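Note that subunit A is present in both complexes that follow, paired respectively with subunit B and with subunit C.
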Partner chain A sequence: MFTEFLQFLLSGVTVGATYALVGVGFSIIYNASQVINFAQGEFVMLGGMMAWFLFERAGLPMPAAVPLAIAGTVLVGLALEKFAIEPARNASIVTLIIITIGASIFLRGGAQLVWGRDFHALPALSGDAPIDLSGVAVNPQSLWVMGCTVVVVILLHWFFSRTMTGRAMRAVAFNMLAAQLAGVNNRLILMFSFGLSAALGALAGVLIAPITLTYPDVGIMLGLKGFCAAILGGLGYPYGAIVGGLIVGISEAMTAGYVSSAYKDAVAFVIILMTLFFMPNGLFGRRGIERV
Partner chain B sequence: MIRDIFSRAAVCLLSALAVLILAAGGARAAEPIKIGSFLAVTGGASFLGDPEKKTLEMYVARVNANGGVIGRQIELVLYDSGTDAKKAASFVKRLINDDKVDIILGGTTTGETMAVVPLVEKAGIPFISFAGAGVIVQPVKKWVFKTPHTDGLAVQKIYEDIQAQGLSKVALFAGSGGFDKSCRANAHTLAGKYKIEIVADETHGKGDTDMTPQLTKIKNTGGVEAFLYCGFGADSVVAAKNYRQLGLTLPHYQSHGSASKRFVTGSGGAAEGIRLPAAALLVAGQLPDSHPQKTLALQFEADYRAKFNEPISTFGGHAYDGLMIAIGAIERAGSTDPEAVRAEIEKTANYIGVDGIYTMSPEDHLGLDTNSFVMVEIRNGDWQLLK
Partner chain C sequence: MLLEITGLSAHYGRIRALDNVSIEIGEGELVALVGANGAGKTTLLRVISGIRPASAGRVLFDGKDITRMPPDRRVRRGIVQVPEGRQVFAPMRVEENLLMGGYTRGAAERREALALQYERFPALAASRNKPAGMLSGGQQQMLAVARALMGKPRLLLLDEPSLGLAPRLVDEVFDTVTALRDAGVTVFIVEQNAFQALSIADRGYVMETGQVVLADTGKALLTNERVKAAYLGL
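Right, the complex of A and B next:
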């Protein structure tokens, strides 16, 4: 009975960790621009697809393929900001959000054109043989997903509290005009936030590709669930998105395990509706910072 | 707008020219038999439509080179529907009204096929579909036939195998796509006939990244003797991997939706031991010499490989069978009179095709039974014919 619970929990934490990485990306871009970047899921797809391509097709070793795939996705993220968001920076937020939806469709179509519609498998980083922890079967790749998420959280914390760029990003999030007056280069921050989000998305993509395979549409659902995570945690609170992701992932696993798997996918969306009804600012969002 | 007018004018001129040429040609030889086709050569189902198009073109050329049918050449009028049901419907209107074809073959997906069913029924033109779902021919529609196996047949084949092993308690796991749901519904309705009891029934969403909770539940359900998964594509790979991760060892069955090499390579070692029903074409080389389809399957495989230099897919077989059933019916009818051809298609009996051996009737416009499938097991990353 208890091992069953642990097995569900393990599943929830693994899936939740990927939602969290995607959700953090939403929050970072939102902080810099108030834009919700709906191409976030496509960063996940690009990370996985590029890693597969570099490893399987170009024959690079895994330690080279993974960083290159992340770097490639960062370039796409920067290009998206430079050529799609920046030229329209005087447009309304809604327009910018629509641009990101367009970009996501474009990236999906591009991936289909370049890599085909089929699914591809990336080998697991340390084998497929499950580890048996007193009755709970653990996929080694799950440990990678969880471990990397923890490392990312630590690095992000250090980055936002100790580095000049990180503090500048927080300043922009808090008050864009004041930050600008204090000499923060807004445009650079926006650019940087797209790069950082793309890197986090790509990392999630690379880590999850051995578990779920990778294909052009893989980012749609992950993007939506990541968005739920970000909303639940409070948009603009990267740590909130991490907690949100874990909550969404674990609730899904528990619903599938104890209630009915038919309702599993509804869980995330029920959570998002409940959050918006009762806590519009999310779990960690503060009231009273609404912009007029 | 202007461009539109110009292109329309160009089309008018061209068709006028075509009519003139055809009229001139008609004076020389007997009028060709017009076979109309609409296939998803591009778009989402292009991996199905493309081999279908290649197969049709290759065999129409071959039949023509051998003197055609009832002394007349075949003219293939083929449109690419782009996996779009609306486009499919407008192309079929064109095939009926403008091209005035004698018979229509095609409809790569169920959606496209169902969109044109009312049109062919109204026009009274024989139509053989290459799409999978049982709903196309159940209930029977006067002018509509189809060649591919249905998921219902696949489930029956699997149940036969489960029963043959003396097992009866099945855990069912299905995705949420159209194919998955239809397969699951069939698994429920057919269970009684094979004295099978479904003791666990779980589902997952499309694109799910982890299915261990559902599989853990199945693992902890008492008395399960066999596991059946309904779904295809990346989802079926995740299911196979999670199944292996949890250390489940029950006999694992999947549908013919997983009968592709992508499934085997995608799952790595996790696909080993999985059993599934597949078209005989998949294991043509392993079939016993007594198997009626062996010669044809090997021949079809060799022809396709020689012409297009790519591995065979079972989808080309749907088109081959559709074309050959149509040609057989026209030959027996001795004309292209729609009612005569339709009646002859319905009388198709013991036609040995790539997909199986067809015997149609007024109640059965598919004409296949479970013998059209063979059971295979995945061993060492390849298909192993069972029995």
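Right, the complex of A and C next:
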């Protein structure tokens, strides 16, 4: 009974960690531009597909395929900013969001042309044999997902609180005018945000591909669930997106385990609706301290 | 001349906010710009900082045409603005706000400037780890000025630094501005508090509906009948 619960919890945290990474990506781009990047899920897809292609087809060893897949996705993210967002930077936010939707369709279509419509399995980083932890079967890939997410969260925290670029990103998010007057190049920050978000998405894609398989449309659901994580945590609060991702992942796993896996995907959407109805700023939104 | 503005115009859509404005500021001068709400004072500062585009005219800084230069490069050249309403980064710690002010400088130079600002404003040193939003209005103004000084300005632009402050704090702000001028910083101050601004200024400009209507020394403007009637309430 309790081991069953732990088993569900484990799978929830695993998948939730990837939602968290995607959600952080949403928040980072939102902070730099107020744009919700609906191509975020495609970064996840590209990470997984490129890693599969480089490993299975190009025959590269995994330690080379994974970083190259992430780097390739970062290049796509930078190109998206440079060639789709930047030329329209004086357009309204809604226009920019629609551009990202267009970009997501383009990337999905491109992936189908290049790699076909099939499902592909990326081998797990350290085998498939589950580790038995007092009755709970732990998939080694789950440990990779959780471990990498923890490392990424620590690195992000260091980056945002200790480096000038990280501080500049927080400054731009809070007050674009004051940041510009301090000498921050907001266009460079936006470019960097797209690169960072693409890297986080690609990492999530590489980590989850051995568990959920990868295919050109895999990013649709992962992107929406990452969006849900970002909304639940409070859009623009990267740490909130991490908590949001874990909540979405765990709720999903519990629903699949105790109710029916048919409702698994509905959970995220119920959470989005509930959040928007009852706490539109999310769990951590508008918590900023300000005295005027 | 450190700053030379000739025939400058700026628009918000079809509305003309600046109309053929010409202003000069020499190295080491303290120049005041006074005028009513909506006269275009803030717009002028935003054009000088590169936040708003100019629709006509030229801005020369240190002899170089910067009319189309992006804002971050102007900061690197030494044009630093304290925006209206202080605009500190409220969720960030006081020290991080100051470090942001030195964003365009190298790490060593930034550390040095930080120590200098803590020396100049001991109250900020005492609350260095507090979120900036927790400071009082007067301390936030102090932080906004210190943040700008972190950028080692050659020309400091101050937009309504006394706005919303208690009278005692207003005096403090003007004392700080005078001290900065005495330390050799060129200051261009925009104020609705015309009396105090003109009292400390070497020279002053009066702006009405986007145009410069008067230019003279600070003292002469203080005794000008038109200025007295319109801005000093005398």
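Operating definition for what follows: the second predicted complex is superposed on the first by the 286 of 292 C-alpha atoms of A that agree within 3 Å, B and C clash if a C-alpha of one lies under 4 Å from a C-alpha of the other, contacts with A are read in each partner's own complex, and residues count from 1 in each chain.
Operating definition for what follows: a residue touches a chain if its C-beta (ideal position, glycine included) is under 8 Å from a C-beta of that chain, and two chains touch if they have at least 3 such contacts.
A quick note: this is a predicted structure, and the numbers were derived from the prediction, not measured.
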| item | value |
| --- | --- |
| Touched partner set for A:Arg167, first subunit B, second subunit C, both or neither | second |
| Contacts of A:Ala182 with subunit B and subunit C, given as first, second, both or neither | second |
| Which superposed partner A:Glu4 touches (first subunit B, second subunit C, both, neither) | first |
| Subunit B versus subunit C as contact partner of A:Ala137, first or second or both or neither | first |
| Touching partner for A:Ser126 - first (subunit B), second (subunit C), both, neither | neither |
| Which of subunit B and subunit C A:Ile220 touches, first, second, both or neither | first |
| Which of subunit B and subunit C A:Thr18 touches, first, second, both or neither | first |
| Subunit B versus subunit C as contact partner of A:Thr95, first or second or both or neither | neither |
| Subunit C versus subunit B, contacts on subunit A by residue | B |
| Contact set on subunit C toward subunit A in their complex | 49, 51, 70-72, 75-76, 80-81, 83, 87-92, 96, 99-101, 103-104, 107, 131, 133-137, 140, 147-148, 151 |
| Contacting residues of subunit A [partner subunit B, same complex] | 4, 7-8, 10-12, 14-15, 18, 117-121, 123, 128, 130, 132, 137, 139, 208, 211-213, 215, 217-218, 220-222, 253-254, 256-257, 261-262, 264-265 |
| Footprint of subunit A on subunit B - complex, ascending | 44, 46-47, 176, 202-210, 212-214, 216-217, 220, 233-234, 237-238, 241, 244-247, 262, 265-270 |
| For the subunit A and subunit C complex, residues of the former touching the latter | 164, 167-168, 170-171, 174-175, 177-185, 288-292 |
